[in-house]
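In what follows, subunit A forms one complex with subunit B and a second complex with subunit C.
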Partner chain A sequence: MASRTVAKDIITLRGSAAIVSEFFGYAANSILYNRGVYPEESFVKVKKYGLPMLLTEDEGVKTFLANLTAQLSEWLEAGKLQRVVLVIMSKATSEVLERWNFSIETDCEVVEKGVSREKSDKEIMREIQAIMRQIASSITYLPCLDEPCIFDVLAYTDKDVAVPFTWVESDPKLIANPQMVKLHSFDTKIHKVDTLVSYKNDEWDEQ
Partner chain B sequence: MAETEIEKITTIDPETEFLASKIRNGNEWETFKENVRPLKRGRNVNLLNHALNSHTDNELKKSLMEQRRKLIEAIEEYQGDDPLLPWIQCIKWVQEAFPPGGDSSGLVVIYEQCVRAFWHSELYKDDLRYLKVWLEYADNCFDADVIYAFLDANGIGKTHSIFYISYALHLESKNKFKAANQMMELGISRNAQPVDKLKAAYRQFFARSMARPIAIDDAVEKLAPTRSFGTVLAKGENRAPLSILNSNRDPCAKNDRTRAAPLSIYKDSADTGDTDPHKPDLSHSWHTLGARADRNKENNAIPGKWKSYKIPQRPGTRTGGATASAFIPVFVDEECQDSQSKKAEGCKSSNLKIRQEDDKELKRETELLRKNPLRNFPQNSLPR
Partner chain C sequence: MEGGGREGYNGVIMTMTRDPKPRLRWTADLHDRFVDAVTKLGGPDKATPKSVLRLMGLKGLTLYHLKSHLQKYRLGQQAQKQNEEVHKENSRCSYVNFSNRSLAPNTSYRGDDEGGEIPIAEALRCQIEVQKRLEEQLKVQKKLQMRIEAQGKYLQSVLEKAQRSLSLDGPGSLEASRAELTEFNSALSNFMENMNKDSKQNIIEVNNFYSKSHGSAFYNQEVGREQNRDQKPKVEGGSIQFDLNIKGSNDLVSAGGAEMDANMVSSYRV
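Up next is the complex of A and B:
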């Protein structure tokens, strides 16, 4: 009697944390490129998620994002991360112009009991691909950033998390009366990531 | 218990609340992204999606046109003490409701009618909203020089830093760096507000100026030598001396870039039986080839960075090329022309032509305004 082996797409907590933290690294690079926070010549094209993606070659930003994704991965594995926000601010005035909000829901059962879940890599990649496409298309409604900008990353964690020494407590850096747009979400069956961008709705009588 | 629950809800930030709600934005903005012209101030996504749906839904398209008609009527009927307000509302709505922009939106015509309605009004000379309408109008015209000159001459927006920044950027884009610098300095000396923004823009302009290899300005540009393209070779593969090539030209013409002199072609005189002055003298053949360093002397120059150097180009100095404003005159039957001109005259009587005009008329008027933004202004108002 013939037998066959069926490979299941098993996702562990560590694997899911790696997927989500890597996604955030690529999403951050894509945002910094598409919103012109850094000059386009400082980015290099790579293929990821079946799409041409752009990664920064600026050493400072590379180091910052590498440390960030490593820390996020650690928090995700512990089930302590609730939200990551990439904030774009005016360099001159530090006024918050845009907030890219990645909200994370973690399956508590997986964290507590160490069980795994099933979902194909292909399906997860398709969902991430849709978000990346939306990030690139967002220039259709986002305001033009016609001044030099800087970015910062806020992590919303559980209260009992010890603050690493490279991080500082921060105010939420919210935008007053923002315009908000929900983007697609993706789900590894362990971590569900909802994406939202909020931006300053400029008025005619504002300088 | 209930109180703390309410307190909890009120402290939730708007983003969390929005994510928790089941509100969906719709993704038309993504599907039709090629048809959306980005707006400086950003867009309202719900309005954008509604407008993009009208591409496929005729009923929605009709409702958009109806809404535009109502907004234009509201301008005529306005009785309040801020007559600019309904214009601003109309402009903002048209920008949102016609995402591709383009001539059929009638936006350029609305800009023009708005700025023309208040250019002499003391009430709006320093109104930032009014200045922004002018600046957006300038952005939509082929050459904004005339608009900036008009604003300057009439003292419109001179207390706002955005005027000086926009004017300077416009001048910089036309390689008038000295004038751009003077404009920035003028704004700072007039203490245009917010002065911090102006100073920051000036610093950026200064940094860009420093990054430029050579300060190219009008005066310098005129003296720049003409570049001769291609290598002119004699029959014996020797380069003809430049003095011979240029001997039939006006000596001044060499430096005058604006004079479109044809390229002189070297004529070989070998056919006529004359001896060729450029043929190598074979009686003195080389006895030694020289050292390697002598032979490779062309390769000694250290390569420079090409990327950072920009060749100064002046618009409109090329010969033979079609200019942006050049267009093919379309033949119009005389009978049709008469009826068209009557129709246009009828529309002119109304202050707000946009309501009566069909798409063709609107596009025609838009095209004319793009070429000559102040065509409907009284002659005595224009800067000399």
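Up next is the complex of A and C:
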């Protein structure tokens, strides 16, 4: 019987940063579509991570997310990014309704010494796929957003990071006494990303 | 509160600005890079926002940011040039006036073909002359200071002798002593008042007083026993109380040589 060897791919710091920042781009698009922040017709279907994914065609949002992922990639490579939070707020009142929290753990040895790690692309893709499925199925338990909403992205960085001139310092935009649901995580062996969604408690939930 | 907030977090939380024309904070480092780019392109008048943008190659930097900054920079440079020209004119004129008024009479403004500035040799000559004058003034001041100090020491010895003579003499010589003291006091106060006005004149006045009082009872008295400097003698049954807070000789004349200690002499009727 022939033995089957699992192909191990070399993951570099730059490669890992690219994987994670690309994931954020697709995850943000998926959240915006599934949570109805932008109309369905403004999204186009593409295949990614072995799944049909939806990407925005709104030029403003596209530019915003492109700039965002570029900056996140830079911070990931420097090992300076600790967390990324996509916040959904009421357009009328700016009240925070949902927080999609992506916590990042970085392998310090890779950043400091420039060593690489081994993990297959397929394995990483499977882990990301599981998260994307969970984002899509989140509509089953998340409260309905029945008012026009806007979104914002917060980046939590190390103290020594200079604020780029297209960014501004922000408050954490927290939700008081939220409901929280932990989602799957994925690991490139250099960056580990944990996903968690927190949302505003509905009044009938408390009764 | 929710997990993933500020608790236990000491980094920076930031968000991307939604402004299509985000305001740019021109930090010192960023401005230096801008200036370098402008200089490489041949100055603010030759540089264009596009060329500066290409040369700086910074992410997030737009033509919108550079247009306004380059415009401000150009205006700033123009204003600076004008200020420098005005300053040059002013300094040149004031230097010439100064040299004509207070230095050598032959130092005059010569308009050269190039810039019309005073030759360096002439300027140096003027400077040397000024230094010489300053040195002379310093010498005079030192001499005056020495003379004032000498007078101070002399005054102190006079006061000591006065103190001793008063403590030794009986009530009989009180009237004579009082007359001497009154004269001494008036001369001393006169000396203090005029010290600032004309130190040379003061010295003459005090010298006159010294020569006048040389033959007085203060100097002819033989002192039998030494008195303590800080002793304040009181004449029993008499009409004079004499308070002498005598300090060291250096305290007589202040740093400027103009003021004397107010507690030096105070004589009054009881």
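One rule holds for everything that comes next: the second predicted complex is superposed on the first by the 195 of 207 C-alpha atoms of A that agree within 3 Å, B and C clash if a C-alpha of one lies under 4 Å from a C-alpha of the other, contacts with A are read in each partner's own complex, and residues count from 1 in each chain.
One rule holds for everything that comes next: a contact is a pair of C-beta atoms (placed from the backbone, for glycine too) under 8 Å apart; a residue touches a chain by one contact, two chains touch by 3 or more.
Nothing here was measured: the structure is a model prediction, and the numbers come from that model.
Visitor: Per the contact definition in the header, classify A:92: touching subunit B only (first), subunit C only (second), both, or neither.
Guide: After superposition on chain A, A:92 lies in contact with subunit B alone.
Visitor: Given the touch rule stated above, what does A:108 touch, subunit B (first), subunit C (second), both, or neither?
Guide: neither
Visitor: Just to be sure I read the superposition right, which of the two partners does A:180 touch: subunit B = first, subunit C = second, or both, or neither?
Guide: A:180 contacts both subunit B and subunit C.
Visitor: What is the contact status of A:159 with respect to subunit B (first) and subunit C (second): first, second, both, or neither?
Guide: The second partner, subunit C, only.
Visitor: If you stack the two complexes on chain A, which partner ends up touching A:168: first (subunit B), second (subunit C), both, or neither?
Guide: second
Visitor: For A:133, is the partner it touches subunit B (first), subunit C (second), both, or none of the two (neither)?
Guide: A:133 sits against subunit B, while subunit C stays out of touch.
Visitor: Contact-wise, after the overlay, does A:144 reach subunit B, subunit C, both or neither (first, second, both, neither)?
Guide: first
Visitor: If I apply the document's touch criterion, which positions on subunit A are contacted by subunit B in one structure and by subunit C in the other?
Guide: Of subunit A, residues 99, 101, 103, 172, 174, 178, 180, 196, 198 contact subunit B in one complex and subunit C in the other.
Visitor: State the interface residues of subunit A toward subunit B in the complex, per the touch definition above.
Guide: Subunit A reaches subunit B through residues 92-93, 99, 101, 103, 133-134, 137, 139-144, 146-148, 172, 174, 178-182, 194, 196, 198-207.
Visitor: Residues of subunit A touching subunit C in their complex?
Guide: 64, 67-68, 70-71, 82-83, 85, 99, 101, 103, 152-159, 161, 163-172, 174-176, 178, 180, 196, 198
Visitor: Which residues of subunit C touch subunit A in their complex?
Guide: It is residues 1-6, 9-18, 22, 24-25, 30, 59-61 of subunit C that touch subunit A.
Visitor: Considering only the defined contacts, which subunit B positions touch subunit A in the complex?
Guide: It comes out as residues 13-16, 18-19, 23-25, 27, 29-30, 33, 36, 38-45, 48, 88, 92, 99, 128-129, 132, 160-162, 193-194, 196-197, 200, 204.
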